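Across the two complexes that follow, subunit A remains constant while its partner is subunit B and subsequently subunit C.
The block that comes next holds the complex of A and B.
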């Protein structure tokens, strides 16, 4: 087959410079590894919108001026910002997940998977960071502009939607892109609770093959490439939203 | 037009039905600071009323009371039949604000929207007007404030005077029953003051009820039906422009009016 001959040539070439990719020719480990990439990409694709939407909601609560909304979110933001994500994930999976299992009458009835917990914990963690960035952006909107909008008859929600958020989003975009780059890297915590993202899959392979360096190189290139794309997209959006004559 | 500085309103001209704004014994404090100490003011439909007075005398607060951006602790405010002081719900206050335009010293245009969209946004989002109708009105208003060629510019690309004219157009897009102007030329370069005053002059001429806080004495004299002098949270005197600017015997008013005149803040709408 054409395909496998290219693969074999590649394996042979890499072997010559001391890198071991022999497992790619096997069915089983190659599949695990490939699925690891897919799972990581899938996590990232889900986590970016989840973190942005949750961040928006958190920021709206933080700046609502209503303690019953802002106080719980403020508490959550402080906890998630100041404690290790790995610990949050372990806690969620080992404590909250067990609690849910007991609630629904056994682990077999619990619909929440490790994958879900990674999305929830990492997504809300990054959302907390987004929220802080957006909150700062919202608070930077001059109070006189908000009052002028109020004076016209805009409701508080409309002011947030049409005035504060568009300006805050522009101001906080660099911070948000930074958070997203962290998010991409943070997906690797999934391996602590056996979500078979790329680092977990790689560990499975290299414990068999003893080819840590070979896999590590690919993992590093993989994450670098994703984050270069994220950063580029960020710059593109920034340019797209740039307002002529305005300092943002 | 009748203004009563000290007690409840009395109308001398028998045109009580023409009241569009009536403030009665307005008291307002921020914490310990008493800002309004019993203000009475009546504005008739179609009139232009200028409020002059030293900084900190409560002029802005007075205007903000009229469209419920500030709520007095005591007194009655009536705007075209609506008891503003009794509006406790934000939704009711929004209903009022739709009818009362206000323009501030800082133009406060939305910097991320084009000039056209700045004017289209309020009627579409607040009144539910459809985009096409709102845009048609916006273009008419831009024509009126002589900025048709700037429809697609962003506020940051305009001079202060141009931004302020857009802000006035934006207020008018809500088709308000009256417009409040709070020192709308105070932040402008001298050379752009005239173009903004000209827009207001046109509005007043067209019969828009206007209440203006201003330091432009000659302008106030020219366009006002009534001039009100405030000091220390009270309306000290009121009357025709002639009375306030020329024949007042009140030493504070004479000093204030003379002082501003001497400082040369009087500018006119020429050169537009």
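The block that comes next holds the complex of A and C.
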């Protein structure tokens, strides 16, 4: 009761300055919209770890010095960085998804949803960007340190795990945070294959209500807020991990 | 590891780089030649796809032109000594830099009318122009940040030296600071250019006839799974052919500027 009266005053107030939020008082459209926000947040929460882990694997392959590992990854990274994510998404969804469907015998058996494809494509796209950042970080680790570790009997893997990655991660953190902000923005391409994230949900609402400006303001504020949080978290992690005297 | 890349590195890298330029077109060519009926269909559709790609290039060039002009002005205003000027510009940059490109394209497409009335004449306001505006907005926000960063990266002593030589603040900016900024901001500007070029594909979602849209049209008209695959590979190859040289050049410039 209390809630709905606050909501109604809000709607009335916004109406006075020319913004239309009437749909919030209806059950159905308000639910669609709220679920849109939740889906976007869920996508972001899922994509950040996925992209970081995949990026780490790519970076390890790129710097391994073994051509059979680094060449395919390098090819993948270059193609991913230089073609639009939307095209990759359409390609995956229309072509790879059809292959999977044929493989399991019909689209009804296909376990892969549009949601999966958004996570896979956007996750790997950002992972390619992470990999580039981490590779630069790994290559920036002074060679004397790597040689010292090798002299102490560290294996290649141990050098990567205990010497290169801890320093490389700190050095590449600003670039990684930048990529994560891109990631937040890229979740909107899910719209193209009917993943009901916030832009898709908003289209559903504004085709009925014709209140594009009102919804747009909320969406812009929403994305700004998420990105400010991501950037702040990045700065916080950077400070937490800073090595005194190392300049990182 | 370092030793082996040192010795055989440069030559091998050069080879893989040149391979990267032709890899995708080569895949398309070989496939089209092994399956001639597919090749013929593809050749029939190439002009249609090319007309779509022209639209991508047009949108990205216009968006970058407007974005650069407006962004450079905003970048200078971001450093203005008056809060009244600075705060609105900083807010504009923060909001539109953080906004997804797709959302801005939707915004311009749905908010602007489909025709404008100037002195009783109805002028059409086509979707592709709205996409140009939708991409020019984030481009301008990015260019503003690039410009601001470049201006701030110039040592303060240069401002002081200019002042000592009798330059006004504006003259110092115009004749001493900005020319140096052009050089420093070139690599990030080129990164932005390639990212805006790739973002033009998003215009297909609001019905602009560009490459991705053309490929979708073609694949629904032909209705062959192998044609669909090759059409999308053509789309990727086209964007790659445009963006990969830009990114190579950017990396080379970055390395040269870092060395200098």
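One rule holds in what follows: the second predicted complex is superposed on the first by the 248 of 248 C-alpha atoms of A that agree within 3 Å, B and C clash if a C-alpha of one lies under 4 Å from a C-alpha of the other, contacts with A are read in each partner's own complex, and residues count from 1 in each chain.
The definition used in the following text is that contacts are C-beta pairs under 8 Å (C-beta built on N, C-alpha and C of every residue); 3 or more make two chains touch, one makes a residue touch a chain.
Predicted model, so just to flag it, every value in this text is computed and none were measured.
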Is A:167 touching anything from subunit B or subunit C once the two structures are fitted on A? First, second, both or neither. first
Which partner does A:243 reach: the first (subunit B), the second (subunit C), both, or neither? first
Based on the superposed arrangement, let me know which partner A:213 touches: subunit B (first), subunit C (second), both, or neither? second
Would you check which partner chain A:155 touches, where first means subunit B only, second means subunit C only, and both and neither mean what they say? first
Once chain A of both complexes is superposed, is A:142 in touch with subunit B (first), subunit C (second), both, or neither? first
May I ask you to decide whether A:34 touches subunit B, subunit C, both, or neither, giving the answer as first, second, both or neither? neither
Where does A:232 make contact in the superposed view: on subunit B (first), on subunit C (second), on both, or on neither? neither
Of subunit B and subunit C, which one touches more residues of subunit A? C
Residue by residue on subunit A, keep only those touching subunit B in one complex and subunit C in the other, then list them. 156
Of subunit A, residues touching subunit C in the complex: 65, 71, 74-75, 78-79, 81-88, 90-91, 94-95, 98, 143, 156, 181, 184-189, 191-192, 199, 203, 206, 212-213, 216, 219-220, 223-224, 227-228
Provide the residue numbers of subunit C that touch subunit A in the complex, in ascending order. 1-2, 4-5, 16, 20, 23-24, 94-95, 98-103, 106-107, 110-111, 194, 198-202, 204-205, 212, 216, 219, 225, 228-229, 232-233, 235-236, 239-240, 243-244, 247
Contact footprint of subunit A on subunit B as seen in their complex: 64, 67, 69, 90-91, 94-95, 97-98, 101-102, 104, 106, 108, 110-112, 121-122, 125-126, 153-158, 167, 170-171, 174
For subunit A, which residues count as touching subunit B in their complex? 142, 144-145, 147-156, 158, 162-163, 166-167, 170, 241, 243-246
